[in-house]
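Before I ask anything, let me first share the structure, which is written out below as structure tokens.
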Amino acid sequence: MGLDRHETARHSAAEGAVAIGQTDQLASGRKLRFAAFALIMFLVIPILLGRSPYFITVLTNGAVLSFISMGVWITFSIGRMNLAQGAFALVGGYAAAILSTRYGISFWLCLPVSGLVSAALGAIIGWPVLRLKGVYFAMTTLSLTEAIRLLALNGGDITKGATGIVNIPRPGPISIFGITILRFDGANPLPYYFLACTLLVLGILGVWRLSASRLGWVFRSLRQNEDLATSIGINVAKYRVMAFAICCFMGGIGGAFFAAFHQNIYPATYTIADSVNFMLYCFLGGLAYIFGPAVGAFLLVISFELLHAVQDYQTLIYGLLMIACMLWLPNGILSLGRIHFRQRKNLVS
Amino acid sequence: MTLAILEVQGITKRFGGLTAVNDVSFVVEKEAILSVIGPNGAGKSTLFKLISSFLPPTFGQVSYEGHRITGLSPHEVARRGVVRTFQETSIFKEMTALQNVVVAHHLRCRASSFGLYFSSATARADEERFRKSATEILVYLGLGPVKNALARNLPHGHLRALGIAVAMAAEPKVLLLDEPFAGMNIEETEAAVKLVRGVRERGVTVILVEHDMSAVMRISDRIVVLNFGIKIAEGTPAEIQKNEAVIEAYLGRADDELGH
Amino acid sequence: MYFEFKNVSVHYDKVQALQNVTLNLEQGEIVALIGANGAGKTSTLRAITALAKLSSGEIWFGGKRIDRLEPAAVVALGVSMVPEGRHVYPFMSVKDNLLMGAYLRRDKNDVKRDLDRVFMRFPRVRERLKQQAGSLSGGEQQMVVISRALMAKPKLLLLDEPSLGLAPMVVRDIARAIVEINRDEGISIILVEQNSRMALKISHRGYALETGRIALTGKSTDLLNDDHIRKLYLGA
Amino acid sequence: MLVNGVVLAVNYALIALGITLIFSIMNILNFAHGQMFMIGGFVVYYLYGIFRINYFVSLIAVVIVLGTIGWCFETFFFRRIRKIATREENSMLLAVGTALLLENLALSIFGEKQRGVPPVVTGVFRIGNAYLPAGRLLVMILALALVIGLLLLVQYTKWGRAMRALAQDREVTHLMGVNVDRVAAYGFGLGAALAGLAGGLLVTVFGVNSGVGNVYSIKAFIMIMIGGAGVVPGAILGAIVLGFVEAIGYQLLPGSITYLLIFIALIVFLIFRPQGLLGKPWG
């Protein structure tokens, strides 16, 4: 382990040179890799699997779950273990559902608004709660997931209680110059898939940018030593609320997407188990990597779809996997490919 | 007295029933080096936290350049120019020495959060400036050769210096050093003393807490002695060494018989 | 040889803390280890009590090889360590602190007798018996920690920086207590100190460590007059 | 209503003391605490409810089963994590993993149905205007006896002293000659057993189903956040507060609203007192 830690450390030093904006040799390598990833997502997969609605749906799920988990990853970068992401996905989902069913607002407006609603709520709750650290923060956020579920359950006419909100309208078609490019109907999940990929790609780009900018470094400094950060004049409270709000924003967007995708939302759509899963994806992929949450989410989502037989035991296997991951692969799957993926590394424990 | 930069006025801190700092007052003159001494648990660290606003006092206040800074949040106090270091080695362990100091330039950022995120021209220019200034600070403190080493791998002496470098990056007017010479041998202490003097040469007022009496006596312009949270003496090193109350409570009489 | 370090090396991660250190101690001796922070003094003590694993070398105590034992087993052989920084159990009464020192001992009457002996040596500890140890002053805590170590009935006592952060006058009390413990009870002592002058004054022999190696060794009285030592550690 | 409050409070105290024990000794937040409670309930359901074994014998079985689970968790999982982990989150996630594991095992083995057991004792006592079923009185007395027994054990035995010592300073406790690994494993086992016992007691009142785990984990968290984490009096105080608030709330409001209000109150409370009522400030 000692050896392992030193390796990680050295690479992060290399990373720093990029992040503080120097010769972009490493960065261009990353860009190339990222372009390849986007190409696969947008072209290769639809061509290969476009005819199988089933696989496309699975991948759509994977993409949006990755997106939501990336928010959790950001809260990890300020040194907080966030078990409330399910709650904020629920908030986003309900915001979208209420806005579209009650007020007939278009999905395309609902999507960002739901994200903002989640972010605003996250900022309000985060302000006091983020003063807690470690297990205290984890406990509180876990309770928060349950609290928001209860809120949805007792929301009366607004949330429709346990029956949830159903018949959420589908997104309107996207057209350019009068030509409809994507039509969101029930028959073909491909448009949803494209939307999900767009979210994911934007999410990765956004987090990447964040990570390399001074904001990313400020977040990292909070993770490593909040008192020291304060002493050099960093407004710790502001930045940790900012990080948490970004996280909730991503949760809200993801929740809104799924609400429109499934056309329904219930209080039980996101429970504690979901909050835990979002975190598991991050850990499984590797907290030190921007691609970590995506790798973790796709890996688990796809493998479960492939292994129909064991689906009943999903949580059992997740539990075992989590234990195994912590015991034998505490730095995540991507740490295995350290040499190849070294450039992607952005955050080190 | 006209040159006072920092004034501690009747400051008191109670934790439950325990009074850690009791009605302590003193004045720090501009570009002076003032040491606070006293046994462990005498309230020195608490006093530091009170001055840097990491803790709110029960009574009393601290003024800096004539303005009350008590009650401000600690990062705000740092912004005004009162910057503290920490006991032991408090740095960002997972960053290189250079990154530590670059991040510590935060107060001088002119770009907004959005600018930072989208890497606006201002933000880029800032980072360029910070890297230059950080390199300069590191070289000045003798850390030039290790600037790209990861902080956690640096040896003890370097970490101390890096802690000071991080604080210097925040452009302090008043620097609070918490035990800067702890764990150093005579030779290392000598180098560190020079370093602190150099910091003062740059126009920074230094307040330090220290146990190493010989270093304190050499470096300080004035000394404040605390015992059980109460200021028992204040004066120049020569005065303190002769002060009856200090000898009684802290220094003790000249060497008693020890050994075999 | 009563206690012996043979070519001991210790690594933390990849950093070498001790490099081929060889040192020894006769029964009844006080041996001082001096040196700057990071020189390996604390690592030496941690190696003895098995809190740090050796990467090579052997440690012998009272005719037994102890470097492969668990910490508890080393303690059971009669090695007691007072770690740096006065680690009392802050939320326990002073009495419970002392009784923790006697954790491995079964004979209750014997423990009681030793409690009384400790009280004779440190009357202040008896006065504070019911108080939470965390509420004591620095000097009192140091007395509690040393008393706690004595409660284990050690043959070899390891003291890590007992003077750290104490007022100079309290340092003298502690130094006197160390001399007395060694003289009255015949306990051998390894004393690690930043306060080199005090350490060399009360010890029989000394070792100066520099970056994980022994730089110099000899009788303490000789070391006190050695030019190198004076320049580096005594500031004369 | 108040009687219910007392019954809940003493049982919650068992839960809170168990999680506090594990938390303070090993600095591990036992996310699986509620699941351990639930398993305790099922052990009693099967042994006493189905196989008709004496209730008290069943409770002893609970101690053995849960104690073993706790001991195994510490010995096989957490001990290793402590040695290799680079960050605090690792042990937290491991704890979450154990919770999922137990939850799903219970679901697979016991099914989803709500289970109840026949009353251990029958009859009703009348205290003033309130009626107290003998079953609840029994549960209350047993829980109270266990709480007091535990406190005595921790305060006055050598082993209890070693556990307290371990909670305060791990390394120094090594130096006292304590076999730290063994004490930690027993401590974890004891904490788990307390959760199980609370489950075994409350099953006679509320029954049990395999979904209650997270609910009770959250209750445990709320209690230690109210009282202050890692502090024994804090755990008891938290249990009393939650027990009474719950009993009163359930009387006046639907259950889920009660809890919603509790959560809101908790967050507001944390704004003003993040260290809990009796806790030390969290560093």
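What to note about this one:
Order of writing sets the chain letters: A, B, C and D. Residues in each chain are counted from 1.
The working rule: a residue touches a chain if its C-beta (ideal position, glycine included) is under 8 Å from a C-beta of that chain, and two chains touch if they have at least 3 such contacts.
All values reported here derive from a predicted model rather than from experimental measurement.
The chains in contact with chain B and with chain D alike are A, C. Averaging Cα atoms per chain gives one point for each, and the point farthest from that of chain C is the centre of A. Chain A and chain D, compared by their mean Cα positions, are separated by 33 Å. Centroid to centroid, with C-alpha atoms defining each point, chain C and chain D lie 41 Å apart. Separation between the centroids of chain A and chain C, computed from CA atoms only, is 52 Å. Residues of chain A in contact with two or more other chains: 5-6, 349.
For chain C, no residue reaches two or more other chains under the stated contact definition.
Note for the complex: chain C touches chain B at residues 15, 35-38, 135, 137-139, 164-170, 172, 175-176, 179, 183, 194, 198, 201-202, 204, 231-235.
Across the complex, chain B is touched by residues 6, 9-10, 12-13, 16-17, 20-21, 209-210, 213-215, 217-218, 220-221, 224-225, 227-228, 230-237, 242, 348-349 of chain A. Chain D contributes residues 23, 29, 31, 77, 80-81, 84-94, 96-105, 107-108, 214, 217-218, 221-222, 224-225, 229, 254, 256-257, 259-260, 263-264, 266-267, 270-271, 274, 282-283 to its touches with chain A in the complex. Put simply, chain D touches chain C in their complex at residues 158, 161-162, 164-165, 168-169, 171-180.
Those residues of chain B lying in contact with chain A across their complex are 52, 54, 73-75, 78-79, 83-86, 90-96, 98-99, 102-104, 106-107, 109, 111, 113, 116-119, 123-124, 126-128, 131, 148-150, 152-153, 166-167, 169-170.
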